[in-house]
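Both complexes shown next keep chain A, but they swap its partner, so chain B is in the first and chain C is in the second.
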Partner chain A sequence: MTEQTLIIPGDDINISEPTSHMTLGPNILHNIENNNLIPTTSGFLNVQTKKNNTIYYIESNTKRYIPNVNDFVIGTVVGTISENYRVSLNDFSTTVLLNQLAFPNATKKNRPFLKTGDLIYARVLRSDPDLEVELDCIDPTTGKEGGFGLLNGGLNFNVKLAFARYLLFNSNAEILNKLVSKCQFEIAIGVNGKIWLKTDDLKTTIACMTSIQQSQNWSKSEISNKVDAIFKSSGL
Partner chain B sequence: MARDFDISTNQSTFVLEALKQNIRLDGRKLLQMRDLDIHISPDEYGYVEVSLGKTKVACRVSSEITKPYEDRPFEGLFQIKSEISPICSPFFESGLTSNSKQSNDELLISRLIEKAIRRSGALDVESLCIIAGEKCWSVRADLQFLDYDGNFTDISCIAVIVALMHYRKPDLEIDGDDIVLFNVDQREPTPLSILHIPICITFQFYNPNGDVENVKGDSNDELILIDSTLLEEKISLGSMTLTLNKNKELCQMIKSGGLNIDASVIMNCCILANKLVDELTDKIQTLLKIDALSRKSGMERELQVVNDR
Partner chain C sequence: MSSININTGILEQVDGSCIFQINSTKIISSVTGPIESSRIKNEIPTRAYLDINIIPEKGVSSTRESLLETKLNKILKPMINLNLYPRQSIQIVIQVLKSGEFRDYSITELSTIVNCVYISLLNSGISLKSSFLSSCCVILQNNEIKLNPTIDDLKSCKSNHIAVFNLKNAKTDELIYCDSLGSFSDDQFFKVLNYCATDIEHNNEFIRKSIANTIEKDYIWKFQ
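And then the complex of A and B:
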């Protein structure tokens, strides 16, 4: 169940049926003194009910990515500092750290060698306001690779932050379902607004990239026809 | 702080691989420009907004009466002001220091336009003289960069020249020592005297085998493309700007460093640029003609005031 209400900062969030189990997501502050909920940004209020737990969060689009723990991100390696790689998640913002040992089965003698300009898929391990943000490339549940690590070949491009979250958290996003019916591809979505895509063929990659980038501004009913048109115009 | 665009190896290799097969990320061919969109302000003279894909600039031309330089009493003044602010991209910083990369980029662009338009004599400065040594027009073109997706030089040159061609300065009459300026309603303002229309075309050069190959190797199979986007501009090995007009006159050629290029390749670029300049000039002239037709003459404007009452 999902319902959407437009919220601006300072509004009262009315919770119709307060349940004992509630989870507050991003952009909602809990005032302990009077037990009020205060929105900290403008956007749409999302309410999701799962079993006996209700999740509240505010969804809005921003331009600059601010790291949060457990976010899946795509970064570019921009340098090495002692035992760490410097990774950039955003153009023109502070870089974050990726320890050279933060890879599955990495030891001091046997560790992956990344070059400047390499693309990696990683998870945000720590993001304290006072410390440098750190990434790792290990799946915390299994301790194995889990899809993280170096992204070879392919192409990366930028999308809006809200759109990247939509693609990552909706397993049946229309645009991806449509692309699956058109071609085979590998994809990695970072919530920092970056998407990496790899197919066997150069033209297909470009067609997929154009479809994903342009579908940000399409309505759901248009997607099928417009993707067909893009693939047709690039001769596929 | 990383103060630059982070371009991954994946991106640069992909783009190069695509260029080898004559494909660009936005679906163009190598020697194809993006759609040029010129918006001429419908209710004033001398303001245009030009966009080329996502790149966008605005230009406003204004004029005032001043005293000419002592050593050039028969010439009016003409200056082009351009300032790139972070509004178009965080890549450009405000608050410039002498050695920052931003100020270098900005300097390069403003000098290029200066050379292309001012020093090629596109605007007849002698026609700006009112009373020799006493009074002259000072024309000023202000460039604003609004959005950055590569190829600032070509687009800003087009913006300045279109704004100049569109601008009308108020008509005046010399009565002894007095100058009488006329309002737009009183007398039709006069256009500036433009002698030719210079247009810049920037070529980017790439060599998939590395830049050393062009110095030592026999087969110089470099790739050439025009109207580069931001990503293409960032990974190019060298660029060259040609300024031409419709009369097949080469006003300037700038190639500051970068990949070594054969003279024959440069000749081919000139021929190609010439074709493009013809197309662009025609497009600009038809646009200005349409705009001129849509404007009401002074008489019509006066009649309309009566009608409105």
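And then the complex of A and C:
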């Protein structure tokens, strides 16, 4: 069961069907004094009931990413500190750590060498507001590479966070389906609002980037025509 | 009647931004955060640091702007869940576009700044404890209370007042902040607070609609 209503801070959240378990997701806090749920930002309230558990969270489209465990992110290496790389997930945010041994089959003698400015696709391993956030490049289920690691070549650009989540969790998102019919490309989507894209030539790369960035302001029915227009105007 | 104009998310490079115009006062504000503190002394172990900058309509910042920054800090601190972002800082920059009053006064500016920053904070997704809005008014020579004073009202009034309330389910709940200048009686003061509370509830209807519009525009890619 999914329902969506608009909510802003200070509104009451109605607990309509009390179930034995309740899970609070992003943007909702619990007030222990009067046992109320407090929305902390404006957005759509999502209530999902699964068996005995009700999940409450507020879906909100923002620009700054705050790390959460098991998120897939794209980061830029900005430096090295002893055995760790410093990785930036967001401009001006506190940088996070990536251990040099947090790669599949990495040993003291045999480990991947990353330079400042390299792009990596990684998973958030630990995130505690009081400690430094840590990343790793190992698939936790198989212990293998699983698509993580250095992103070679290509182009990196930003989109808003909710849009990035939508693209990552819906593999048949309309805009991606449309682009697949237009050209061949490799794509990596990070929930920190960064998208990495690689195609065979520059013109196609730029056309794909413009399409994805601008599709944030299009409704689903507009996508087909507008992508066609962008590819046509770049002579493809 | 006050005419309000809101434009949200106009700045690309910051996390949240808003232009707020009410009558002849116009403010643009931006919110960036939580970001890494630029100075080590601004790193507070248990909560985020609020870095507020107010830039006046004309000239450079003076003691008047510093006073406004201190007042705004006092209003915002209990409204933001600062403990969620330890050692980080939240940068709030406010540029006055149209002051709508002389430099000797600051009530219409401060009340518009509070409303403007509130919408910028929502736009940036920073965790808030509650909604809050502000209103200002003057008591004229004939003891009449007038909301949204003009330049002439401020010049000739007996006293001027500003009040910030938090909102619970679109109704004013608690008084967050109030500031008065001039001579007035107890009765008049309570009356002023009531007037401001009603004005805030009235303005909230429009502001809420505008927030809803922004959110729907943010999620346009979800709709057919």
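The working rule: the second predicted complex is superposed on the first by the 218 of 236 C-alpha atoms of A that agree within 3 Å, B and C clash if a C-alpha of one lies under 4 Å from a C-alpha of the other, contacts with A are read in each partner's own complex, and residues count from 1 in each chain.
Criterion: a contact is a pair of C-beta atoms (placed from the backbone, for glycine too) under 8 Å apart; a residue touches a chain by one contact, two chains touch by 3 or more.
Worth saying up front: this structure is predicted, and the values here are computed from it rather than measured.
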After superposition on the shared chain, which partner residues are touched by A:K220: those of chain B (first), chain C (second), both, or neither? second
Look at A:T94 in the shared chain and tell me whether it touches chain B only, chain C only, both, or neither; answer first, second, both or neither. both
Once chain A of both complexes is superposed, is A:A162 in touch with chain B (first), chain C (second), both, or neither? second
Considering only touches as defined above, state whether A:G153 meets chain B (first), chain C (second), both or neither. first
Which superposed partner A:D12 touches (first chain B, second chain C, both, neither): second
Check whether A:D118 is in contact with chain B, with chain C, with both or with neither, and answer first, second, both or neither. first
Once chain A of both complexes is superposed, is A:I66 in touch with chain B (first), chain C (second), both, or neither? second
Which holds for A:T40: it touches chain B only (first), chain C only (second), both, or neither? second
Who wins on chain A residues touched, chain B or chain C? C
Touching chain B and also chain C: which chain A residues? 92-95
Quick check: in the complex, which residue numbers of chain A touch chain C? 6, 8-12, 27, 29, 38, 40-44, 60-64, 66, 92-95, 129-130, 160, 162-163, 166, 175, 215-221
Footprint of chain A on chain C - complex, ascending: 15-16, 32-36, 81, 84-88, 122, 124-131, 166-170, 173, 208, 211-212, 215, 218-224
Per the touch rule above, chain A residues touching chain B in the complex are 76, 78, 88, 91-95, 115, 117-119, 151-156, 196, 202-203, 205-206, 209-210, 233-234
Per the touch rule above, chain B residues touching chain A in the complex are 1-14, 17-18, 21, 23, 25-27, 90-91
